[in-house]
Amino acid sequence: MNQHLPAIIVTVPLLSAFVITAAGWLNKKLCFPIAIAALGVSLYCSISLLISVASGKIIIYNLGGWAPPWGISYTVDPLNCLVLVAVASVAFINIIATKKNVEEEYPDKIGAFYTLYVLFATGLIGIVITGDAFNLYVLLEIAALTGYALLGMGSRRAPLASLNYIFLGTIGACFYLLGVGYLYIATGSLNMKDLSAILPAIYHSKTILFAFIICLTGLFIKMALFPMHAWLPNAYTYASSPATSLIAPLTTKVMVYAMLRITLDVFTPQYSFGTIGISHSIVWIAIIAIIMGSLMALAQRGLKKMLSYIIVAEVGYMVGGLWLGNRAGITGSILHIINDAAMTLCLFLAVGNIIYKTKTDSFDDLKGLLKKMPLTMGAFILGGLSIIGVPPTCGFFSKWYLISGGLAAGHYAFVAALLFSSLVNVVLFFRIIEIGFFEPFKEHVSGHHECITDQIAGNRIMIEEAPAGMVIPLVIVAGFLIFLGLMTGNIVTSIIQFAIPAGIS
Amino acid sequence: MEDVISFVISKYNYWCYIVLLMIGLYAMIVKNNLVKKIIGMNIFQTAIILFYVSISVKKEGTLPTIIIDPVTGTHTARAADYINPLPHVLMLTAIVVSVATLGIALALAIKIYKEYDTLEEDEIFAQIRKK
Amino acid sequence: MIWQLDIVILTLVIICGIGAITVKDLLGAAILFGAYSFMMCLLWSIMGAVDVAFTEASVGAGVSTVVFVAAVFRTSRRSKD
Amino acid sequence: MKIIGLIAVFLCGCLLVYGASDFPGWGDPSSPASTHVSPYYIETTMEFTHVPNIVTSVLADYRGYDTMYETTVIFGAGIACFLLLRVVKKKDPVSRLYRHKATGITLRIKKGGKIPDKSNAFERIDSEWVPYDLIIQISCRLLVPLIQIFALYVIAHGHYSPGGGFQGGVILAASIILIAISYDLRSALKIMSERASAFLSAIGVFIYAGTGALCLLLGANFLDYAALDSLLGSGMVMARSHGILIVEIGVGIAVMAVMICLYYNLSSEGKQDEGL
């Protein structure tokens, strides 16, 4: 069975989605166990794949028994295994952590929710593992369509934000499809390995140049790089928390992974970073993205929206790191995919718990929350420290690689933007800690008497944590941030090192 | 001059796909009504399908179904005789994706209409700002 | 294939496409979109993509139009642009 | 805004035209697209799958994995529409209309009022009701079986002529939608309930993915229908052909159910009470 792992990792969640639909109509209690079992199998498979490809082995699996380039084949290498583990574990942890929340938000539609949840995870896992350019498009659409539906349920403004996401997401996906069409018209192949073998002979062609640019534009829209980020903040802010904490950590990162695959594997790094000479301008776009994302995060008064803008800035980190075009930068970029998935999961789960208890996420209602929900706020602060980049949390290490990549490439503006964004993040998170920690000064408006009762009440703030089922996974994720940080050396030497093509110094 | 004309005529399908693509994109960017935007999105998607189908054409090629000789029951499969089937397969998938997107987009539009009682984007934004 | 027919249908496709996004009545736009899909399907069958044309005829011109009409019926026919 | 949009779109178009100028000539049989991968399909389809329609064999076998996800996309759309629109709570509408069949008198039952006894003398009607048109109803009723037979033909004959599971499924769905339009939504719901359509959509895709998983269990790669030989006992080539038929049937069922589900939810705003 071991050689079939690449098929099982996607098939089991896919098949479970149909079973969940049926279970939703028969017995709603069955939906959750089936979903969690399927995602658990997926996680197990991804980890055993990671173990078997560590040290640079490559597994090729031909679906339908047809050899590439005629059939569709999976190529499992260290890079996509690493991302696979991240995707599978985020989906797995999130489904446990949000169980209570889902039951309250979608009392009648649990079956439909979990079906879409599992399909979304399947789509992302498929994007990561596939070795076929067109198959990637189909899976992109599965992940996107289920994402639209999940994000469309929520507050009053959610449907409009989600419709906006549909328009931009469709433009992005269609541009990607068009780029694949350009590649197909010039080469006649769709398989990524085959493409990379054919392409170098025809790099002078204008069609190839346009294929590259159109593909990248599509992926940039999908990953919300700065000028194309308009869909992201609203869509994530107004959706319900279980959907946000699934989609926010994963979508943008998987798109960054797809960009890595296109620039490093389908095209050669020499072509992407050298021949066509756009790498410098893309790094500048990334710099603008980092600065604008941080500044806009500073202007927000709600937790979810602030985090959404932080994601916009983080996308700038990863894109910039890749297009620096040197080993340290790309290492930082890949490492940041994993770390950012973990950090955003931690932050969004914490915000989910806060919203679950207080029903709001605006800054004004965070007062005294550090005493009321110590574990949740502790995890939130740890996530914040990681976003800022305080050692030994994982955020520090990827930022370290990114900065050293920037220095090695002589791109000091990028380094400055990273430092600026860290500074802004310090302001952002310490502002929240201040609000949450210090008791608000009561204004003496309505007389002395009331003030005393207020103070008494203030001293007796009870610990009102969210249910244990929500807090324990959150604490585990928070602990994982530090664990990831300590494991950085191992991850880099035994996995990421093999993921970067040999030609890059 | 004749070169230019023959150049334009030889690829007129590709120019048409670009025109349709731009019509769709224009509707999605500029139009104010949500259903209009959704129509634009569909035109955008069909334009790309037209592009792919144009790739598959071969002059002197016939439909991609192997012709079996009715008398002998044998067949000759020479690649140049048949139209390239691969883009057709890909585009069947793309059509399905477009109808799926259409369904979800219209469901969201109905939900929006229930909430705001209008489909015009500026009126919706005015209502949001008022709150 | 006959290139004159091809040109005529291509023109009709573009006209229907422009019409679908310019008419003020959304029901009319939905029907024009159906016509657009049908012209597109003719175009593809001329190019020899019969399977794609068949799908487009049943999905684009058929179900999509019905779904559009249903949605317009449930919302409003009015459009400012 | 309009002018900026127009200029942006125009510039984008010019860029694309510039990019397209390098394309190989239109319809050129020696372009890379026609010579690299696709000849293999044309030359081997009879040998490996015994399916003359190359599009079907590529769709369901060579690139069957894509098609599985294509069906999943449709399935996901159906579920998404259900999640977004369906109003599950049974809220009585403010008033319901009943019509006495013999006399044509319409009763308006206020909220909480009692529904007329089930003597079949009354029938429920929509709030926007038009008198029955005999010609439309009878002709639609006559058309429905013809449409369904044609749909089954399209599914079954996809090996030899244009068509297949997807087109056939849509046509099958069209027959039910025709009833929903010419009568009303409730008549269609009696023929195909919402529950049935949800189950059928899941079962349809399950047939597809399950066939793939069955091949996996039989020891071959995922979706390698040749493995079905040990069950069907008809040789590797015919096993592929039969495998294609099985998955096409699955696609047909799933697409039919999802299209009906989409129409039900969109035309009734998720209440599944009054349709178009």
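Descriptive notes on the structure:
We just call them A, B, C and D in the order they show up, numbering each chain from 1.
The working rule: contacts are C-beta pairs under 8 Å (C-beta built on N, C-alpha and C of every residue); 3 or more make two chains touch, one makes a residue touch a chain.
Every value quoted in this text rests on a predicted model; they were computed, and no experiment measured them.
The chain pair B-C and the chain pair C-D differ in C-beta contact count, and the higher one is B-C. Our note on geometry: subunit B versus subunit C, Cα centroid distance of 11 Å, whole angstroms. With each centre defined as the average position of its C-alpha atoms, the distance from subunit B to subunit D rounds to 19 Å.
A straight line joining the Cα centres of subunit A and subunit C is 38 Å long.
In subunit A, the residues touching two or more other chains are 134, 138, 141, 145, 148-149, 152, 159, 184-185, 190.
Multi-chain contact residues, meaning those touching two or more other chains, occur in subunit C at positions 50-51, 55, 59, 63, 67, 71, 74. Residue positions of subunit D with contacts to 2 or more other chains are 16, 20-21, 23, 33-35, 37-38, 41, 53, 55, 59, 63, 66, 69-70, 73, 76-77, 80-81, 84, 162, 166, 262, 266, 269. The list of touching chain pairs reads A-B, A-D, B-C, B-D, C-D.
Across the complex, subunit C meets subunit B through its residues 7, 10, 13-14, 17-18, 20-21, 26, 29-30, 33, 36-37, 40, 43-44, 47-52, 55-56, 59-60, 63-64, 67-68, 71-72, 74-76, 79-81.
Across the complex, subunit B is touched by residues 134, 138, 141, 145, 148-149, 152, 156-157, 159-160, 162-163, 166-167, 170-171, 174, 177-178, 181, 184-185, 190 of subunit A. The part of subunit B that touches subunit D in the complex is made up of residues 7, 10-15, 18-19, 21-22, 25-26, 29-30, 54-61, 63-68, 75, 77-80, 82, 84-90, 92-93, 96-97, 99-101, 103-104, 106-108, 110-111, 114. By the touch criterion stated above, subunit D contacts subunit B in their complex at residues 1-2, 5-6, 8-10, 12-13, 16-17, 20-21, 23, 25-29, 33-35, 37-39, 41-46, 52-55, 58-59, 63, 66-67, 69-71, 73-74, 76-78, 80-81, 84-85, 160-162, 166, 262, 265-266, 269. On the subunit B side of its complex with subunit C, the touching residues are 12-13, 16, 19-20, 23-24, 26-27, 31-33, 35-36, 39-40, 42-43, 46, 49-50, 53-54, 56-57, 61-64, 83, 87-88, 91-92, 95-96, 98-99, 102-103, 106, 109-110, 113, 118-120.
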